[in-house]
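Just below is one structure, and these are the notes that go with it.
All chains are identified by letter, namely A, B, C, D, E, F and G, in their written order; residue positions are counted from 1 within each chain.
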Amino acid sequence: MKLQPLADRILVKRLAEETKTKGGIIIPDTAKEKPAEGEIVAVGPGRNAEDGTKIALEVKVGDRVLFGKYSGTEVKIEGEEYLIMREDDVLGIVQ
Amino acid sequence: MKLQPLADRILVKRLAEETKTKGGIIIPDTAKEKPAEGEIVAVGPGRNAEDGTKIALEVKVGDRVLFGKYSGTEVKIEGEEYLIMREDDVLGIVQ
Amino acid sequence: MKLQPLADRILVKRLAEETKTKGGIIIPDTAKEKPAEGEIVAVGPGRNAEDGTKIALEVKVGDRVLFGKYSGTEVKIEGEEYLIMREDDVLGIVQ
Amino acid sequence: MKLQPLADRILVKRLAEETKTKGGIIIPDTAKEKPAEGEIVAVGPGRNAEDGTKIALEVKVGDRVLFGKYSGTEVKIEGEEYLIMREDDVLGIVQ
Amino acid sequence: MKLQPLADRILVKRLAEETKTKGGIIIPDTAKEKPAEGEIVAVGPGRNAEDGTKIALEVKVGDRVLFGKYSGTEVKIEGEEYLIMREDDVLGIVQ
Amino acid sequence: MKLQPLADRILVKRLAEETKTKGGIIIPDTAKEKPAEGEIVAVGPGRNAEDGTKIALEVKVGDRVLFGKYSGTEVKIEGEEYLIMREDDVLGIVQ
Amino acid sequence: MKLQPLADRILVKRLAEETKTKGGIIIPDTAKEKPAEGEIVAVGPGRNAEDGTKIALEVKVGDRVLFGKYSGTEVKIEGEEYLIMREDDVLGIVQ
């Protein structure tokens, strides 16, 4: 069982933000909004352009991404917590 | 008797949100807005693009979908409660 | 004598909302905004697309439609009350 | 001497709203915004589309129209009061 | 020496608004925003459409125009006061 | 050393606004926002249209321009103060 | 390890703003929002136009840029602080 996001939405598994992540990104502890890190587990088919064509996403399943701390909507699937957000909420891909 | 939604609207039968649903999705009990689950019972013919063509919906009758808890407008048809919402209010399809 | 709506506007005769309507739709009595039911008595020629072409309406004279309770502007024609609204205010067609 | 409206604007002579008009439209006396009735005395050449072409108006000089009570800007020409408004402020044509 | 307006801007010499103007327009003294009258002394080359082409102005130097009382920005050139405004602020041309 | 503005931005050297400028423009002393005068010292390559083409600027280096008093962002280059603003902030070219 | 920005975003290493920078730009100490200076260390593939094509960025890795003081989102990569922002936040390139 899985969840298929619509349009330009993606399903993200948030990574623990208390520790230094595998990717080596350390989230600074300041007053500004801080980005969070996660792994993409499902992607939508893409955004609909005005002329009806699909614009494919730049991100893909397996990408580790940074996104705004308060981006997306939380959902639990088979006991695991995920986030559904739009691709535009993704700041960058960790490589 | 039924209700035919216009444009990119869909008619959704909300599923009980107190229990673990058949699809296995458990809605987490947090302060953030939580998505609800439902089954699509009717879909509109699609959104009108700027050039007048129809952009068909991605969802179809029978799809089980997640949507924002406060999305849509309530309506009763022959004693049953439904929600009319836009396809864009749908976060993803449960598979 | 009649009133010809402009562009994507329609003229609607509101149906009594206190009782169960002929179409079998019962409006639930909740705190949320509730849709109202009416019959279309006149339609405009359609919305102007950016390139100047007309986009014809999906609804037609005689359709029974649901719309937001506070949609439209009231007007009296020969003693009868009507509502002028945009097609986008219509949630669905009762069939 | 006259006033030539620009783009999609029209010049309207408001009709007395206290009495039942010639067209038979009676404005209901409720708390909602009520439309007013007038006759078009001049029309602009049309709105400019994004590609520079003109989109001709649907209304023409002589049409009796309904419009929002607070639509338009008042102006006096040779002692007579008129309203300048956009065609989109017109709700419908009285026939 | 003169001022060349950019894009769809025009330079207007405001006419005295206390007296009945040559054009015969009398500004009514009500609480609503009242239009003012002026003569166009310079026009821009036109607005840039999305595809980069110019959309020429409808008004030209010498036109007497009505515009919203608070439209535009005041500027003095060689001791004379003018207004710089966008063509869209013009309500109509006095003929 | 210089600063190359991006897109439709320009770099402007503000002229003293206390005295009558060379161009003969006297800024009136009223409560309304008053335009300021400056000389363009650098221009960007132009705005990106929706289809990816560049829309060249109407102004060029050396033009004396009027702009809104609070337009732009201040920056110091080698001890001299400049303003970076968008071309749309320019009201007109002094000739 | 690095961070690949999405779409029209860029990754910027902020330069110390207390001293006169190498590029010779001195940030004035006024009440207005002051621009900051930085060096671009990574750029996204470009913004998606409405028709699905990419619009390449004007800036490139190595460019020294000015940007609004509060632009972008802070992130730490391997102990170093960076800013992720959109290209539109860049005011100009220091040359």
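Criterion: contacts are C-beta pairs under 8 Å (C-beta built on N, C-alpha and C of every residue); 3 or more make two chains touch, one makes a residue touch a chain.
As the structure is a prediction and not an experimental result, all values here were calculated from the model.
J.: List every chain that touches both chain A and chain F.
T.: G
J.: Mind checking the centre-to-centre distance between chain C and chain G? Centres are C-alpha means, answer in whole Å.
T.: Spacing between the chain centres: roughly 51 Å.
J.: From the mean C-alpha coordinate of chain D to that of chain E, what's the distance rounded to whole Å?
T.: Centre-to-centre distance between chain D and chain E: 23 Å.
J.: For chain E, jot down the residues that touch at least 2 other chains.
T.: 50-51
J.: Going round the ring from chain F toward chain G, what is the chain order?
T.: Starting at chain F and heading to chain G first, the ring runs F, G, A, B, C, D, E.
J.: Using the touch definition up top, name the residues of chain G that touch chain A in the complex.
T.: 1-7, 9, 11, 42, 44-45, 48, 50-52, 73-79, 81, 84
J.: With touch defined as at the start, can you tell me which chain A residues reach chain G in the complex?
T.: So the residues of chain A touching chain G come out as 23-28, 30, 32-35, 49-51, 53, 55, 58-59, 66, 68, 87-88, 90-95.
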